[in-house]
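We call the chains A, B, C and D, going by the order they appear; numbering starts again at 1 in every chain.
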Amino acid sequence: MAELTPSVAAPATAAPAHHGPSYVKTWGILLGLLVVSVVGPMLEIRVVTLLTAFGVALVKAYIVAKYFMHIDVEKRYVTYLLFTMVVLMGLMVAAVSPDVLKHDGHRWENRAAKRSVVRGENSAKAAAALPGAVHH
Amino acid sequence: MSAATETHGHAGHGHDAHHDEGFIKKYLWSTDHKMIGFQYLFTGILMAVIGGFTVYAFRMQQAFPGTHIPGFGRVTATDYNALVTTHGSVMVFWVAMPVLIAALGNYLIPLMIGCDDMVFPRLNRLSYQIFLLSSVVLVASFFVEGGAFGGAWTSYPPLSAKAEYSLTGTGSSLWLTAVALEFAAFLMGGINFVTTVMNSRAPGMRMFDVPMVVWMIVIASILFMASVGPLVAGAIMLLFDQQLGTGFFDPAKGGDPILWQHLFWFFGHPEVYVVLLPAMGIVAEIITVFSRKKLFGYKTVLYTAIGTGVLSFFVWAHHQFVAGIDPRMANVFSVTTLLISIPVAEMIFVYIGTLYGGSVKLNTPMLWALSFIAEFLLGGVTGIFLGASGADVYFHDTYFVVAHFHYTFFPIAFIGAFAAITYWFPKMFGREMNDTWGKVHFWGTIIPFNGIFIPLFLLGARGDHRRIYDYRHFPDLMKAGMQDLRVFATVCLLVLLAFQVVFLVNLFYSLVRGKKASANPWNANTLEWAAPSPPPHGNFPEGLPNCYRGPYEYSHPDRAEDFWPQHVKGA
Amino acid sequence: MMRPIATTRSATGIPTGKLAVWWLIASEIVIFGGVLGGYIMHRLGHPDWAHQAIHTNTWAGAFNTFVLLTSSLAAVLAHQAAEHGDGKKAAKMLYLTVVGGLVFLVVKSFEWSHEIHAGYTITSNTFWSFYYTAAGIHGIHVIVGMIIMLFIAADAAKGKELQRVENVGLYWHFVDIVWIFLFPLLYIAK
Amino acid sequence: MINKYVPSASTFAPDIDNLILLILAIVGFWFLLAEFVFFGLILKFKEEPGRKAQYVSGEKPEEKKWVSIPHYATLVFDVIIVVMAVKVWHTVKIEMPDAEKENVANVRIIAQQWAWTFVHPGLDGKLDTEDDIATVDELHVQEGQTYVFELTSRDVLHSFSVPVFRLKQDAIPGRIVKGWFKPTMTGQYDIQCTEICGIGHGIMPARILIESPEKHEAWMKATPPTRSAPIDFIATEQPLEDGKVGALNPATPDAALARNGLNNNGEDTP
């Protein structure tokens, strides 16, 4: 491919000299957080599970975005763009959940969904009651 | 490498020295944005013929139920649903989007921002190929056992999810695959458009020097990218429901059909603005050139277009007021729906304002652009009846809705496309279309168009509901005069379809025998008129142009001619 | 194939390839948003799914998270090498990243075959439908990323198109971030 | 305006008609004004040899005024319309008749591929009693009586629509949606399915017979009680195919097609 001009990193942005903690150190932090997110829920405490499982996931995502993807060095509107997409999904879920998440509302009732919850509970109890039910 | 260096003096990079490519390389395997634009355009026209045939068949059944339709035979209930579904899907996904966004976007964007091609030519070619594949998959679905999918272009489960309900099992999955492929094609195309306009503008072309049609196509691509995602996920889930028997949308398995409706319309409403904005851009270009007037408030139009785009993400559930969503949510969406009528109305007011003090030249492109405004006004205005939740209880899923969205979709997909084709034809093919035949086609389309849909407003208000293949089963809908309105609408459709032949003949005849066109036959300002007609590979043989001013400097006080091209340096 | 001048221009200051990848990531966020949004709404609406979720193998999920995080490290080291113009090292690191992807897929195939063998198929319960669909879409993105990475590594080894190393790295980090959210949603929420 | 063509036979029908009239007035005025100005400008500023167009950027405040006036006017009228619309929506879809204050009769509506099953309370006025009367494609109601209906579907989405009541509500499988109406006129009118539901979507018309109290009571006495499938058949996992549910086998899809002279493929059998 005869290339008139070598196309090493585009000149427009001087290649960002790496600053901040070394990549391997960041990797170490991420692994630590992974351990926290696995161990935390084992305590079976709901709020701890929420904090460790999902809170840590947010922190890990932030770290990967900042230190690996260098999103902070990038133009600001890139961050705004990605953040807008996430907010859009949040708004969609917020507007849809009164119909899908909840199984009844003003003058309507989703009997089939309520029934499937009861059926799920029953089959779980039945499975648990079986002698030598498989647990792992 | 210094991309920022002025490549003005550079006498066309290595492209021009290439040997004369063979037929395949030049027409079918080309990576030239103009050729890919033509591929989309002619595929879109071919699909429009399919869309036209389907509407001929089912409107004849509506007017003369149970009779033998010439060219089709008897329209059974199964056929009727398949024809209606095909008409809807083809016209939105395989005519409006390819012609307005992909064909014009591909052709115009590089030319109007003064560069030689899209940033990713091969990705551009691949996006057309996937689009072609989606068209083939859709057409194939007509011939499978059980026939084409018959559950309307919205494909609501459980009807679309279970073969024993829709009786078109294979057809449903092929339809869904075709739509998913089409989404993939337009995601790739969209990324290509947005990146090209962001990065490859001519030196000196600031944000507010970009022509309005380029802005509109970019905003449309962004709207599409941001809204199609959930429906791609929904399509995968529906395909699994259809083929694997999962229960995403099956109430018996804990799934929820309402989830599909939300995912569909979260995409569905931004989608109608995705096709509206390019048409608005086309109209802006044409009315400014042929009234020799600067666009009235460039920034107003741009900000209202962005405002419309943003608001279009918060209105979707007005399609579902009576569809079982929680009635308290309906009011929220009714408010946002009426709010979005404001920016769109403002855009129309600005276009009307542009005519003030102009020197309006009524040739064919201008007639199309002006009729877009006249017709779209009625489309927009009747949307208020449907956006107001109280009135929608009566109007939902009646022919009033059908007439409303045809008064918006027909101006967008057809009037907008005719305006663009007649305006840019000299640039695209280096020849001129016959203006008299153009006017014959114009009046032969506009008058019957109103003849079809005004009766449908009346029928809808009197209770005609949608997708009914034979109204004789409904005594209240066979009252005096109602069937006559249906016959009148169908006759007007036949007249309209007949006049499209005039357009096709004029198009293909002028392609070969039209009068030679100069580089700038309309004395317009935008950069594509700085290139020769038709522009060679690489667009600007004398070097890529710079941009010195906005696109709409017409009748500038301190300039002799009444136009001031963007690439001309001095006065 | 001659590259058009359009690709070399950079009015925004962001190289064209990277700008396109940011847009690709934006459109992918809404795709995964659709699947995960549907899953979260159903999961909160069906508390009984917890009994199904018990049968997911958390250790396999955790190990896979470790694998993807490590492959992200390799991807960013590849980018670092590419910035210094060392195409060879960048290619080596990219191959390491691809190996990480392979390990991820192998672990997942064992995990899935075990679960399917135990009777938890895609149609056994809507939880499992979401489980296989979400992880499946993510898996396809891993596979596509690996294939593209191999092409880019081949070019990088010859010192060509080194800016693409960073671009595919961005995509890979995004796929890793999706898994960072998938892991608690599918495996831990018991 | 609409009631000239479609009689308004329920208490909230006039409210909807008046709302439509209000919107028509506001929207009609703005539409005609915009078209008039639009065509006026085209004719006034048609191209004349030697006359150069003016240079108007539209950015100057006194120029912008010409657009911001209609802009704010649209906003004001939109607010008026939305307030009125929400009021009507509240009457039709949010408020429910209070069973204590007025005597309310309950009716059950079950939509299925291609027939409507209506369950009337019968003489005792209570549902799920021995004297319930289930009918196919014929809903008998009494003029002046407030009805609260429970609506569901057995298979796909349908939509219960009574144009003369200006009432429309989708029937969703697995969900029970409540609504109300109070007939104010006697007569026989169409019931439509306004959500595409397969090949029989066009042949599942039903009739609503609004009878005077005497005629209604006479009908109830004359019609033998017939049982029907429970409304939440999906919830109670009642298999549809058993067909033996209650005396009435409303209509398997094929039976509904045959009743309307079609074969299983939806073709007219000559």
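Assume a contact is a pair of C-beta atoms (placed from the backbone, for glycine too) under 8 Å apart; a residue touches a chain by one contact, two chains touch by 3 or more.
Keep in mind the model is a prediction, meaning the values are calculated, not measured.
*Asks:* Average the C-alpha coordinates of each chain, average all protein C-alpha coordinates together, and give the chain whose average is closest to the overall one.
*Replies:* That would be chain B.
*Asks:* Most C-beta contact pairs, which chains?
*Replies:* Chains B-D share more contact pairs than any other pair.
*Asks:* Roughly how many whole angstrom separate the Cα centroids of chain B and chain D?
*Replies:* So the centroids are 31 Å from each other.
*Asks:* Let me have the rounded angstrom distance from the C-alpha centre of chain A over to the C-alpha centre of chain B, please.
*Replies:* 36
*Asks:* Rounded to a whole Å, what is the gap between the Cα centroids of chain A and chain C?
*Replies:* Taking the mean C-alpha position of each chain, the two centres sit 13 Å apart.
*Asks:* Considering chain C alone, which of its residues make contact with at least two other chains?
*Replies:* 1-2, 8, 10, 12, 14, 16, 23, 26, 29-30, 33-34, 37-38, 41-42, 46, 125-126
*Asks:* In chain B, which residues are in touch with two or more of the other chains?
*Replies:* 1, 3-4, 13-14, 226, 230, 251-254, 256, 258-259, 324, 327-328
*Asks:* Could you list which residues of chain D touch at least two other chains?
*Replies:* 93-94, 173-175, 177, 234, in rising order.
*Asks:* With touch defined as at the top, which chains are paired up in contact here?
*Replies:* Result for touching pairs of chains: A-B, A-C, A-D, B-C, B-D.
*Asks:* Touching residues of chain B toward chain D in the complex: what are they?
*Replies:* Those residues of chain B that touch chain D are 66, 74, 76-78, 80-81, 150-152, 156, 158-159, 165-167, 251-252, 256-258, 291-300, 321-324, 327-328, 330-331, 334-335, 338-339, 341-342, 345-346, 348-350, 352-362, 370, 373-374, 377-378, 381-382, 384-385, 388-391, 393-394, 396-398, 461-463, 465-470, 473-477, 479, 554-557, 562.
*Asks:* Please name which positions on chain B make contact with chain C in the complex.
*Replies:* 1, 3-4, 7, 13-15, 31, 110, 115-122, 187, 190-192, 194-196, 198-201, 225-234, 236-237, 240, 244-248, 253-256, 259, 263, 538, 544
*Asks:* Flag every residue of chain C that touches chain B in the complex, lowest number first.
*Replies:* Per the touch definition, chain C meets chain B at residues 1-2, 4-12, 14, 16, 19-20, 23-24, 26-35, 37-38, 41-42, 46, 122-123, 125-126, 129-130, 133, 137.
*Asks:* Report the residues of chain C in contact with chain A in the complex, numbered from low to high.
*Replies:* Those residues of chain C that touch chain A are 1-3, 8, 10, 12-16, 22-23, 25-26, 29-30, 33-34, 37-38, 40-42, 44-49, 51-52, 55, 58, 62, 65-66, 69-70, 72-73, 75-77, 80, 82-83, 85, 118, 125-126, 160-163, 166, 169-170, 173-174, 176-177, 180-181, 183-184, 188-190.
*Asks:* So in the complex, which bits of chain B are touching chain A?
*Replies:* Chain B residues touching chain A: 1-4, 13-14, 226, 230, 251-254, 256, 258-259, 262, 266, 313-314, 317, 324-329, 332.
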